[in-house]
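What follows is a pair of complexes built around chain A, which joins chain B in one and chain C in the other.
Our next item is the complex of A and B:
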């Protein structure tokens, strides 16, 4: 292998004896001294034996670290939006030591990477309630974000709120904000990136540009704005309760399930797809109560219903069962019937709701005897609601002491279309 | 409401004061005497108040019950296939009392409804190991089906095997057969219907016709044959380990995930899409060992890792965790860290594997520190394997005492591409 001037962080070409690869050079782990590591544009790391490498050509130097504060300049002709930064890839940079990513530490770091955001709007306020990966968040984090969001929504100087967030549990958070914020008056936009910003293939710029436009639009909904396809061409504005991460790595990881996006969003225009609630003079209110003792349980063939005893013993108040097909679990005809146990735990006061692990379509307990048997135990079937949304909604409903004490009210609330979680026009 | 000659089971038109609905008239439940129930072609039941009804017009009489045995006539010019009937909608008829369906009781009932199946092939053997809804099946049922299948595959008189099955857990069974049958020599086709056969919109005929053609083809794979679109135009032959039910009610409920179908199948021709193992002279072997103490657990935000103690106490040997995103769980930075508990239970000998609840794409623990932390506890990351396939494979691998006693061998087996469960060519 020939000598090279390239250093970790540089963008290089690796010439193999057989092939040429392009990507970001990484530092070699100390236990792999004979190896050259490269982060490909596809996002995957590739390792080469040094002896297989002819030469490494430097294509583009890594960005030098800049010193000093980044100054957010305000332009009085542009509308004001607020940002809430919570962590995730969109607030991370490549770690050239590991090939992984690590979080940006300061807001000015963040803004240095996203100049496009400032072309359309003034980012008049920035809040950082915490910085964490979304998989480390729970309902307490949703409550913090909701509280900050409501404050910003009631600031007359702010047109809309953009929340940047990790992708793993972003759809749980978008559901939570949909229920936690009442009398919504302005756009609440959640956005993300699947590639850190210092990567050639980063999806952050388009997502942020479209989010900026959505934030000053009249779409007064909690919506997730992100890539509509795996190309960098447009985003969708997707209803917070009807969206789900459906791919581990693609830019268009999020898809609307059992419904339509609100709109197609380009950096410079918005094309309506369906109805939305428009911007209004309401005062947004926080209603972020949450019952922590709520579980989501996916059923599998032959599963022992004793798992329900665990939840009962641990004092759980509600369970969302992600059932098979139209909403089925093993019944009296199987070796491990769930019927009796479901009756038992509901008698003890645990609320049980049903969704489908098919994801698409709606549950219907009336088609098969199995479903009717489960329904007869008292399980609440949640039509076309997503399991993740159902989990969040059940925690929120049971968080209200005045509803919780009456099973009938809990059922009514679970079946009431509070934040677009049911699509009443869904066919087949 | 005017008087009508229509009886339950008749196909009728209901004229409302406002609108006309078409569907199958159902018997009214005894507690709803003022109600007329109709099963719409869409599959949903609709109830009307009698006072709202002008008249009911009889469109088509219900099929009269036929007497006597149905005789399967053999044609020496056609190839022989065998059928295994296990229950499910494809072996059910509408129950006009409830609007649900109930299972056909005898094979002759079954064949009376499916004459198209006999146009292309002789159904030379019929086996009915049991009749149940697929949601009531477990690994013991998979073992029974596999045993019967292997016997039929080694019958020189049989060209291929068609298994009819409920849809709820069909993809678990197709995975199980993929692992349970070694040295596969002929086509093993699993098929289904989403609408019972006496419904105008039934999808059973096309699925069975395409299955017949697939069963005499050279596709010596365990494959699921079913509608490619919601139209009645063609089917796909889908790899048994890479397929999943992704819609509760559509005919094209099953989709290949992270891979391609083997072929597009029309009633009269097969169009190749990808590679398959061809028909051969092997003797098929049964390898259907299964460890019952295996669980599938879907992670949700803030989930308490104590659930792992339950599985440990109950003597579980293996757990598939359906993690978020690229394969993450709450870590040390969250209020409910899974890291320590994962270490603990693995030290006790429980094998833990990871898949993604995104469904599409593959897990990659090396991108984020969260994944690296989970990986370091010993969790086996299963790339692009489906959670359902992973659950079945882990039970199968741990069913082998000679592998189970050595964690290294278990890991090797879990990561070995035994039945197409990994797509090594998967990009992004």
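Our next item is the complex of A and C:
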């Protein structure tokens, strides 16, 4: 293929040996660099192997985008909220001119896609600390979001904060914010979308409308707001430490585990389900210390405990073990007993906590002798806490030098209900 | 308002193209749900809303806007035959390979150029008929042609797309759709605007219909939909949707020309729009013409590559065109009625496969078509229910058992009945020794009393073999054996 002056978005002729196709040149998909994509006048996209193309002739340059086409509509009579945009499906959009998927960049873009949100509240501030898929985030990103959130919470003009985020690890971030922000005074809402926002059926529309309502409510909690069911009628406001992604693709992917939502939120009303902390005049404080050397390990049948040597050698300070059933690991009766190894690494100073891979229910090591054997090694059983929440909390607790020094304090802190991570009355 | 005077199509610069949508008889295009329409009450319903999204240009597509302005609630009825894909709760599975192969067959029949690399697209549709807010569609081939009595007609494009959900009820603020039809594969064939007279349009529609019927397509009302594009000199193109019968085309076209002439006479122009064909041959406004802007890629799926190998495989296994096939079937002794039923029940492939095992066309047709019908009538069940039990595997087993002489032709119906009553097919073909072969038993009876009349043997045979053979079959055997 001859070199061409044409860029994605330009109108071109693609010359093959026998045929000539006309259309708009598109970006080649990531994994298809040997393919040239063309949008025909009918709207259909077709591809060519670069090797089959003689030349691409530029016919007409793409129209330059007009600037300032969209302006964020101000709604001074409505209550002020702030938004923090971090990436994910809810903030990426297909560029129809080039065929590529790109993150939204400017506040105007959000207005263009979510006009309904901007009608319900006045979005006084939009912060974009970074644009990332949630699977690419780590505790440093949680710290950044927490810092920005605290600043916004302490701004007297702002009624509440809406954070948009990818779904994969959203429940880790909601847990982190629950521990990182002390003396919470206003609503902190995390929301998402499972269907991309360039489709008419996107769930972002309802999620954002309900988030707007939650952000100006008196629910001074870190909560995740998203579809309650597959219907587009209401969302749940779900406690940040008790929520988990339980479906890969449904709109109602997030569910409260071992607890209840705070409220049912419709686009025009809020129905209370359980108690929440009321909006107040506190000054929110940031406490975002975090120990990076913390791991989350899932136990499986026959697993060799040697894996723990790796964490020990690498200098890990804490491990959350996701155990089977009520909280069991292979005992002395098995070929690969964990009992001695657990004792050994805890003696070396590694904090080991236990949650259940059942997801629902509470761990209880006292029911069977096998549980008692593991408990006797010193493992801290975290009752009904979610594994992901336990991982975040352990990192946060061990991030505090003054607590970390004393195993007894660490245990106390891990078992103290700091951000609603325990529920003493399981109804389901 | 049928025009009395003869219309001079040439002088009007009349041009028309066809767009034919035909449902394929496979599973759904992007999931593994069966393509069955349900008449029973839904198992569940869900409620959704759709909202218009501005395209990259900042403009909301005119057709999309027209639909979205209604700001409606959509209720979708689901069944145990629909899954998360139809609910827009899961990304699509890869395109159904059987449907793709059928589309390639059609492309080859229509002499079109198959695209080696193509992209599955989302066509924005927000009248609620698609839960996702778009219809998935992919261009498979371009630039084909057919020759009809009135000349060569170019085939612009052959696409494979998802059918929409069925409208059940349209209310002021909401619409109810049924998800059973959503996702059924449709092949869309668009011709060039090469037709200059209504009769030509009808002829092309019939010709393409014939090609489609030789492939594995769904039959019956609603499985084919024909749209027309037409224009007269210097005016916008009008699309008329929803013809069920090619026979209505001529009348509808003439009425539409008359309507357009009346509009022009009043000093107005014709604006491109989509109109709905009504049963009486008139049309009504449906929506504005959609733009190319409403097409964007299905980002959940990779590019669709159509390999040389796949095309060659399709070419090797290309079905015969129906009229050729009919001639062949007649030649091997099937009557017209049987041929018709074979096509109607889509059993041509099964028939051919069984024939390869046991080459007795009329008997195979009887096994495939007549016996199931008789058993169904006797059991007071539908032929479909019976056919589900007497599926292809059972029929293959029967043919093989016939070939290996494990069962006789007289025992076939009995075997089928046993299977319908719940016996394992492998067991149903086992007969106790004395049941083994009726023909042998009849021979034994004849040999034991030589010299009797056919009727006398008949009495003896029926007494001995009651239940294993019917009168007609017994007589046939006796005549054959008493020579």
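Here is the rule we go by: the second predicted complex is superposed on the first by the 349 of 428 C-alpha atoms of A that agree within 3 Å, B and C clash if a C-alpha of one lies under 4 Å from a C-alpha of the other, contacts with A are read in each partner's own complex, and residues count from 1 in each chain.
Simple rule for what comes next: a residue touches a chain if its C-beta (ideal position, glycine included) is under 8 Å from a C-beta of that chain, and two chains touch if they have at least 3 such contacts.
Since the model is a prediction, treat every value here as computed from it, not as a measurement.
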Touching partner for A:116 - first (chain B), second (chain C), both, neither: second
Contacts of A:378 with chain B and chain C, given as first, second, both or neither: neither
First (chain B), second (chain C), both or neither touched by A:129: neither
Chain A residues touched - chain C or chain B, whichever exceeds: B
Contacts of A:46 with chain B and chain C, given as first, second, both or neither: second
Chain B versus chain C as contact partner of A:246, first or second or both or neither: first
Touched partner set for A:35, first chain B, second chain C, both or neither: second
Partner chain(s) touched by A:230 [first = chain B, second = chain C, both, neither]: both
Common interface residues of chain A - those touching chain B in one complex and chain C in the other: 42-45, 99, 101, 230, 248-250
Complex contacts: residues of chain B adjacent to chain A: 42-45, 98-102, 132-140, 166-169, 172, 230, 245-250, 253, 292, 295-298, 300-304, 306-307, 310, 314, 322-331, 333-336, 356-364, 366-370, 372, 388, 391, 427-428
Residue ranges of chain C in contact with chain A within the complex: 46-56, 58, 64, 68, 84, 87-91, 113, 115-119, 121-124, 126, 131-134, 137-139, 157, 159, 291-297, 299, 302-303
Residue ranges of chain A touching chain C (in the complex, touch as defined): 19, 29, 31-32, 35, 37, 39-49, 69-70, 94-97, 99, 101, 112-113, 116, 195-202, 205-206, 229-233, 248-251
